[in-house]
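Take a look at the structures below.
There are two complexes below, and they share subunit A, which is joined by subunit B in the first and by subunit C in the second.
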Partner chain A sequence: MTDFLNLILEPLQELFLRFKAFLPNLLAMLVIVIAGILLARLLRAVFVRFLKAINFDSWSDRMGMTTLLRKGDLWAKPALALGAIVFWALVIVVLMTGLSALKISAIDQLVAQFFMYLPRVFSAVLILIVGYVLAGFISRAMLIAAVNSGFHYAKLLAEAIRLLLTVLILAMVLEQLQVAPGIVLAAFSIIFGGIVAALAISFGVGGIEAAKRMIERETVEKRANGAKDDIEHI
Partner chain B sequence: MKTVTFRKEVQEQLDLIKTADIVVGIPSFNNARTIGHVVRAVQAGLAKYFPDRKSVLVNSDGGSTDKTLDVVKETSIEDYSSILLHHRVEPLFRIATPYSGLPGKGSAFRTIFEVAEALDAKACVVVDSDLRSITPEWIELLVKPVLEDGFDYVAPLYHRHKYDGTITNSIVYPLTRALYGKRVRQPIGGDFGFSGKLAKFYLTKDVWQTDVARFGIDIWMTTTAIANQFRVTQSFLGAKIHDAKDPSADLSSMLYQVVGATFELMETYADVWKPVRGSEPVPAFGFEYTVGLEQVNVNTGRMLNLFREGLKNLREIWTDVLGLGDFREVERIGLLGAKEFRFPLGLWTRVIYDYAIAFHEKKLPAEHLIKSLTPLYLGKTASFILEVEQMGQQEAEAEIEKLCLEFEKNKEYLITCWK
Partner chain C sequence: MTDFYQTGIITTLHSLGKPSLERLESELTDFSKTRPIALVLPALYSEFEGPAMPGIVRELAKVRYLNEIVLVLDKASEKQFQGVRDFMSPIATPVRIIHNDGKRITEIYETLSRNGLDVGQRGKGRSAWLAYGYVLARERSEVIALHDCDIVNYSREMLARLCYPVANSNLDYVFCKGFYSRVTNKMHGRVTRLLVTPLVRALQQLIGQHRFLAFLDSFRYPLSGEFCMTIDVARVNRIPWDWGLEVGSLAEVYRNYSPRRVCQVDIAATYEHKHQELSAEDPEKGLMKMTIDICKSIFRTLASEGVVFSEGLFKSLSVAYLRLAEDTILKYEADASINGLEFDRHEEAKAVEAFTRAITQASKLFMENPMGTPLIPNWNRVTSAIPDILEMLKKAVDADNT
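Now for the complex of A and B:
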């Protein structure tokens, strides 16, 4: 009988001992998560205040980032949206750190992988931000130069350049994140090559009439404007 | 402040000359065809009006490949009696040297200032190398107010065709006058006289890596002189006729350099211009006379097309800079036909002030911002040409005066918005 009871109690005792050993880890995780979330909230508040102080919202308006957010159906102010992104990034980091406190080998491995992946995420975000600003800068410079030289399709040209740069940047971001790199490379080549081929075909075959009209319009206006100014502006 | 290091042969010449009363600077770049006439006029002017003053002619060249430097060295008046002059008492020294730094007129001037400082010159003159209408009297008119009347800066006064100098007439003159309260009619004329003291003062400023080193130099010199309380005057030089500008000099780049330099100076001298209200005339030297001017061909249709292209494509930028109200007004005039097209003075004044404020607030990168002004400027220029088409020179000048008064009247708006 005693043997039978031992058979039942021993696993329970083992379970209790293991739970007892695990309990501090669990408590540590809870403390880390709760404290981390509180800290993340505090950091979000400080960060949002800092962004407001440097007029991040009006800068975003000027750079077209607010428009981009609206297009993505995000109606929060850019400073608040960025604050929320930072908050959730911190929460993920806190959760991962908390989980590592449990000292479970499978979770430890997962957490290690997560932290090894983080630099890639940071560089992808950096590429995205720099690329976005650069694409806006180049396309606006192109727009102004084309308008000042009297090119009729200035906006179309500027938007096409912005689109091509955006495709290039997104491909770079996905490549950096190692999201199916083979597919990304193939997709990028297809899309980029496709745009160029589509333009060539539409101008060369399908849009031959439209292309003819565009070129004729430019030529006629150039001829009409042919009489040069002798004005000295300075 | 880092100074220019002269070439060995220039340093040797400077050591030989030691000091000078007058330094005449001629910036150049591939002007072999015209610079000979300018050198002869300078030489005759110095011989006629300042025969006993030690003078140096400095040609600061941007790396010409058409033997401009050789023309400067070799050109001289062989027979002074043919122009009813005796030989000079003091010899005329010549220095012809390539300048260093950013390529542009400003860098060329910097070398001239350095030479003036090295020789402790009392008076300096700078004249363009492509002038066809320069006479010996220009030297007298630009130097005498400095040497004999104690002025520090002599701006030119010319008779120009009513269509010429549109950046000056519609932006730089009205804006500078409203800001600093001095009616300097040709603030970016290009031919100036100034004291050695002012040349030294210019060299204390670290601006040689900015647009001042290029087309911005003229407005920078004028504004620096006015804002720092130097004594400023003007001299009537007659007509300004010179070779056609370099065709590769694109209008929007020119506008960017001149207007950018003007706006940049507004930042530097905000405390100086804010309290100024109205404007006062600047004393003028010289005998004013009427001159015949060359015909200027204009193509207002092309200008209006570019204005309408801007209206169609730069909507976001213009709305952001001008605000919706003024943008709607610009849109309204865009609908007018070529004959009745007019750019209201009040609107144009607000456009320039709004651009200055946008520059101050760094709403866009400076180059993008000012280059986006080009179609608006062309609209204003077309409007002015259509307006004064049937007018004489004086009536056209009266129209510019009206614009200046509008700038002065609306200055309060600029001050209120300038945070």
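Now for the complex of A and C:
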């Protein structure tokens, strides 16, 4: 009977001992997570205040960043939206740090992978932001130049350039994040190559006559210039 | 039926004979192929609970030539906004409702505000301005017509006559103002009859012939809320957000276009809508507030045209106005008498006294601050500050309507 009881109690005792050993880790994780979330909230408040002080919202409106949020049906102020992004990024970091305090090897590996992946995420976000601003700037500059030179389809051209640049930026971002890099590279090459090929064919085929006229005019002018040289003036 | 006499420096399109509505609408359907027409309706939610709106929706449901209807709904909760969407559903023309109190439109206003663009307080002016922005953002209409939503005796003929001069490209008008007589068993329209017309004529007496005064005096009903314009007018005109909306809008049209391209059209034999209380003792309410804002708007426009105002001029103006307004009362008394209309001379005299006080008050306010109420910047100015604002506005309205 005692053996039978031991058979039941021993695993329970083992479980209790393990839990006793695990409890400090769990408490450490809870402390890290709670303190981390509080710190993240504080940092968010400071960060948002800083953004407001430098008129980030207004800058964002003029640079087209606000439009990006609105396109995603996000109607918070840009500073608050960025504050929320920073907050949740910090919460994820805090959660990962907290999980590492549990000292479970599987989780440790996951956490290590996560922290190794972070620089890629940062650079991808940077590419996205800089790329978006740059695409907007180039597209607007192209629109102004095309309108000033009387091009009828100026807006269409500007939008096409913005689209091409957006495709390029998204491909760069996905490549940076290592999301199916082979597929992204192939898809990008096909799409971008296809667009360039289509443009080359349309302009090439459509411009045969124009090119022919230009070459003929050039030749005629050269001949005329050559003939002029033969004339002797007094 | 009116006479065919042309007054002033703008064209007056009368209602002569018996114009056929079917012919008008048929021609408008043709015109709208090259000049698509948008109808802007600034409305308060309370107007949907009144007697006018059901009739307006019933009539608009029969109209086929409109390209789009943009209703700007003010003072409405989310639930009420959904209710209005259902209310407008019988209309076949695509209807977009701008929910002025919705979170997306509120954020649009905040975006404008943080970029130093003052769009003023809520009201018809700001609602109309926002609706123009949405029509510009959609890029689907070439002509914008606007009328109030408190017209009890609304008929689609009003809309057809209002749109016709601008939609018809052969006529080459860029702005058309509606006029009508506001007569039931008595004459209404006190502010136009007893304030604007005598004030403009008193100013003409004092400062001599001035083209803006001649322009303003050409309108039979300068305070009517019904007008139609090309999309370019909506793009370049600035709008006052206070009660000076109608006069201020005319001043902007005067500033930007030749009177040759401006007309007024007789849109209805009678026109019935809500009547404002005089509130003679309170300059912040009712007709007194409206009167002060209108006077300030006229003074500001004239000052911007180079007219120099002094305290002496304002003192003479009050006296000259009072004399002219008293003479006007006599004319209307005779008019009422021959037509068998009720006419309370005492009430009319009291209104004139109140308007005189309002002119004095407006003069004082103008001398203290000649810049007065700023106009809402035009959309060209707004897009130069925030290039994507129209796209944002379009996104906000479309998201609210899905």
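Rule of thumb we're sticking to: the second predicted complex is superposed on the first by the 194 of 234 C-alpha atoms of A that agree within 3 Å, B and C clash if a C-alpha of one lies under 4 Å from a C-alpha of the other, contacts with A are read in each partner's own complex, and residues count from 1 in each chain.
Here is the rule we use: a residue touches a chain if its C-beta (ideal position, glycine included) is under 8 Å from a C-beta of that chain, and two chains touch if they have at least 3 such contacts.
Computed from a predicted model, the values in this text were never measured in an experiment.
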First, second, both or neither for A:R140, with subunit B first and subunit C second: both
Contacts of A:W75 with subunit B and subunit C, given as first, second, both or neither: second
Subunit B versus subunit C as contact partner of A:H152, first or second or both or neither: first
First, second, both or neither for A:S105, with subunit B first and subunit C second: neither
Touched partner set for A:T2, first subunit B, second subunit C, both or neither: neither
Subunit A residues touched - subunit C or subunit B, whichever exceeds: B
Which superposed partner A:D57 touches (first subunit B, second subunit C, both, neither): second
Subunit B versus subunit C as contact partner of A:T66, first or second or both or neither: second
Residues of subunit A at both interfaces, subunit B in one complex, subunit C in the other: 62, 140
Interface residues, subunit B side, partner subunit A - complex: 160, 163-168, 188, 190, 215, 244-245, 250-252, 254-255, 258, 295-299, 301-303, 305-306, 309-310, 312-314, 317, 320, 363-365, 367-368, 371-372, 374-375, 381
Interfacial residue positions of subunit A with respect to subunit B in the complex: 62, 137, 140-141, 143-148, 150-152, 154-155, 221, 224-225, 227-234
Contact footprint of subunit A on subunit C as seen in their complex: 103-104, 107, 110-111, 114-115, 385-389, 391-392, 395-396, 399
Subunit A residues within the subunit C interface of the complex: 55, 57-58, 61-62, 64, 66-67, 70-71, 73, 75-77, 140
